[in-house]
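Each of the next two complexes has subunit A plus one other chain: subunit B in the first, subunit C in the second.
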Partner chain A sequence: MSDKIINFDHVTFSYPDTESPAVKDLSFSIEKGSWTALIGHNGSGKSTVSKLINGLLAPDDLEKSTITVDGVKLAADTVWDIREKVGIVFQNPDNQFVGATVSDDVAFGLENRAVPREEMVKIVAQAVADVGMADYAGAEPSSLSGGQKQRVAIAGILAVKPKVMILDESTSMLDPEGKQQILDLVRRVKEENDLTVISITHDLDEAALADQVLVMDDGVLIDQGIPREIFAKVDLMEKIGLDIPFVYRLKQLLSGKGIQIPETVTSEEELVKSLCQLNLKM
Partner chain B sequence: MSKIIIGRYLPGSTFVYRVDPRAKLLTTFYFIIMIFLATNWQGYLAITIFGLAAVVATGLKAKVFWDGVKPMIWLILFTALMQTFFMAGGTTYWHWWIFTLSSEGIINGIYVFLRFSLIILVSTVMTVTTKPLEIADAMEWILKPLKLFKVNVGMISLVISIALRFVPTLFDQTVKIMNAQRSRGADFNDGGLIKRAKSVVPMLVPLFIDSLEVALDLSTAMESRGYKGSEGRTRYRILTWSKVDLVPLFYCIILTILMVTTRML
Partner chain C sequence: MSIKFKNVSYIYNPGSPLEAVGLDDLSFELEEGKFIALVGHTGSGKSTLMQHFNALLKPSSGEIEIAGYKITPETSNKGLKGLRQKVSLVFQFPEAQLFESTVLRDIEYGPKNFGFSDEEAEKVARKWLEKVGLKADVAEKSPFDLSGGQMRRVAIAGVMAYEPDIICLDEPAAGLDPQGRIEMMELFKQYQAEGHTVILVTHNMDDVADYADDVLVMEHGQLIKHDVPREVFKDRDWLFKHHLSEPHSSLFADKLGKAGFVIKQPLTINELADEIAARLKGVPHE
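Let's turn to the complex of A and B:
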């Protein structure tokens, strides 16, 4: 039990004044220190799940639904403890930048936790440097790019030392280069800070690199497993209208032509190698 | 275009920029009070020299200050001329119907002109050398005593700083929407007042919806980062007094002595 940092047990949640629940009887758990990709089409309930994890939303019935984060069960009096443990980087870089400057924004979470100022100054400087924004510490948001603002958002989360970092489509408004830089940054800080990462994404090539993939469809968890197994289920992916990652699509097309690529091949490089080997054999 | 700043802050490096915003704000208020202590030409001479000294100390071009006075120039001249032509006293040079041109009138006209211009000049010194955010911080400090009356000063200052922070964002949004409407044939510059006002409506609606979205996103982000009201928060950005702040202090002291002594002449 201790290696599971997040546990959802029969969680149902409905937004006020809606007919059907946005999340229905959801049960899953997430391993400590892992990278989980949460995928599903628009409106399938992914963001709702992320907000349930840090108590921004509460299940309809706390008796029947249990959410546990790092050993703490979500209840009215534990919401703030749980929020300490979970940081979310949202989609829109501008709409989550609260402070007047980079440093001010990174300090926001610390101010809320009443951290003494002398300590705050040190933590902020460290966090800003950690995400490579030291040269911009005094910059105003209007002079930063989207990618830089997302770095600042990440710094703001690192500053309060959470256990879990959720990326809710955090890179979807960035160009490919900015996107890659943010993902590299998250990978680095994840290792340095022993974080558990949940990445909500429409980019299945990114999801293919995760330890675990959760697939949601209309508020229900329809599948869960390692990327290799999930993306091999081409019919399932098609049914819920998701594009499978490039490598898996190519493998599928090749198998249609009678060329079998081993199950273990999951990256572009491995695929190239395996195709070359096949070529030699022919 | 996105570099718009409210207020008219201009970057600079003279010591005026390093003076604590609270000191600048207080000195500006104090200077304005001092203006009204001047009663004779010696008093006006002294206050004018002090006002110009502040202007020169900013190290900015005269044009910056002229830009500050320009929008008000007609109002200033009108008021000064009213004083000149309606006030009688001393030697009368000319008289017609209700208008009088007298030596007292002329002197008073000049005094009114100086008073007005000096108020605008010193306020300009304040606003061009202080960032809006610093002004907001200084205001918060000045408003602190209101806490005694249960006014939530921390909340007010957070609201002001967020509002300042989102001005450029919403401005960018406005430009985007205007361009989008223009590309569909909207014309914001031609036509009469009513036509122009009408062309603004299809711009305001998306802008309004945008700002609602920003507000919702922002409140979610703030809550997710542990914001639970302005009670019990510590502050990262603080104002600290420094040696430079002695300059405005001495400025005020000397000015006070001068104004009091000139009154006795």
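Let's turn to the complex of A and C:
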């Protein structure tokens, strides 16, 4: 158990005045230092899970549901300890700024924790440099691009040294270059800071980076596995309203035209190879 | 009728130290009734251009003809209400602008503002509630009790309900799940097919390939290309130079070509599958 940083055991949660729970009897665990993608359609319970992980929401019945984060069991008196351990980068970069400058913003979490000023200055400078924004330390957040704003949000999280970073659709508003830069950055800071990353996403390219994929549908965890295994389940993906990765969609269309590609072909490179072989047989 | 921009420039904060060029001498003509994609990087001037379509911003110099109106730097804000009924903008994350106590009232707000009677407003609100894919029983709910995707639909229904001739939407499908995104795109395609002009601001080149008739590409406040999707995506070196991505099918065809299986450049996945099948025809398969 020691290498499991997050553990959900029979977790059920309902929003007030709703008939059915948003999350039903959910059990899973996440390994320390891993990258997990949480996928599912809008309203499947993904964001509820992220709020349960950092104690923004509490399960219906703490007797029956257990949530453990980095060895600490979620309870009324431990929720602040847990929030120290989990940072969330949200979807809309404009909704998460509080400071007048980039540095002020990054310092916000430290101010809340009453970190002495000399120390704070050092930590902020380091965090801002870590995300490649040192040149913008004094800049006004509103003058930054969406991708730069998300970098600052990540710096704010790094500054308070959490154990877990949750990306809640954090790249969905960015252009393709901005998206790639953020994913590269997260990958790097994850290694440097020994972070565990959970990314809640609709973007299959982002999910494909993960060590494990959890699939949610109507509050229930319906599948989990490595990306390759999960995305091969074309019917399941379609049934729950998720996109099918490009390779699987193309294989399906080709199959409809009488061109059968082996099941073992799951990447674009393999598909190119397979098609070239068929072409040579002509 | 068409949308005409003649030498349109826009300067932010003129005469101040923060002076910056937003649009730099834009001239183009768009045919009405088409599905138009507006692409370019963050900061390329897309949003600035979008705000000129209904004179939220007026040109610093040049002239715009749109929906029977002529906009110049001298145009007064008076009398522009009619233009705003004919040309509507939907900004990113429009759900942030919901404010009414019920979904129905929120959708009725736009039509009422443009002079629809209570009865008419309710009628169109109910019609568009359904058209954007929401169930009739959400009408009396608070919009704030809905999911993010549902709120987005309510916000868009509120604009479509008074049926502007031209609707310009900034990344309307961002953050929606794949099913929701397809439904949303089909809704706009249908709106266009019913005789309206749709202008879509997007980063998603697959959507450009799948839906657009005409593409405007912006960079540093300038219009660097105006053509049909097939022509825009034809010149791979040009796209690379301007940091623009390509439709996924086109990228895949390139990989195939490099491996020795050369096919005609496809725009969509269906074209790609057709091209591959045509080349492999006659190959015995298991």
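The rule is short, and it goes like this: the second predicted complex is superposed on the first by the 246 of 282 C-alpha atoms of A that agree within 3 Å, B and C clash if a C-alpha of one lies under 4 Å from a C-alpha of the other, contacts with A are read in each partner's own complex, and residues count from 1 in each chain.
The definition used in the following text is that a contact is a pair of C-beta atoms (placed from the backbone, for glycine too) under 8 Å apart; a residue touches a chain by one contact, two chains touch by 3 or more.
As the structure is a computational prediction, the values presented were derived from the model and not from experiment.
**Student:** Touch check for A:Asn92: first (subunit B), second (subunit C), both, or neither?
**Tutor:** In the superposition, A:Asn92 contacts both subunit B and subunit C.
**Student:** Name the contact category of A:Ala100: first (subunit B only), second (subunit C only), both, or neither.
**Tutor:** First partner only.
**Student:** Considering only touches as defined above, state whether A:Phe108 meets subunit B (first), subunit C (second), both or neither.
**Tutor:** A:Phe108 contacts subunit B only, not subunit C.
**Student:** In the overlay, answer first, second, both or neither for which of subunit B and subunit C A:Ala76 touches.
**Tutor:** In the superposition, A:Ala76 contacts neither subunit B nor subunit C.
**Student:** Output check: A:Phe246 vs subunit B and subunit C. Expected answer is one of first, second, both, neither. What do you get?
**Tutor:** second
**Student:** Can you list the residues of subunit A that meet both subunit B and subunit C?
**Tutor:** Shared contact residues on subunit A (touching subunit B in one complex, subunit C in the other): 92.
**Student:** Across the complex, what residues on subunit B touch subunit A?
**Tutor:** Residue list for subunit B touching subunit A: 2-3, 133, 161-162, 164-165, 168-169, 172, 213-214, 217-218, 220-228, 232-238.
**Student:** Can you tell me which positions in subunit A touch subunit B when the two form their complex?
**Tutor:** Going by the criterion above, the answer is residues 51, 54, 56, 80, 83-84, 87-88, 90, 92, 94-100, 103-104, 107-117, 120-121, 124, 140-143, 156-157, 160.
**Student:** Subunit A touches which residues of subunit C in the complex?
**Tutor:** For subunit C paired with subunit A, touching residues are 41-43, 92-93, 147-149, 171, 174-180, 203, 243, 245, 248, 252, 255-256, 259-261, 269-270, 272-274, 276-277, 279-280, 282-286.
**Student:** What residues on subunit A touch subunit C, complex-wise?
**Tutor:** Residue positions touching the partner: 40-43, 91-92, 145-147, 169, 172-178, 202, 241-243, 246, 249-250, 253-254, 256-260, 268-269, 272-273, 275-276, 278-279, 281-282.
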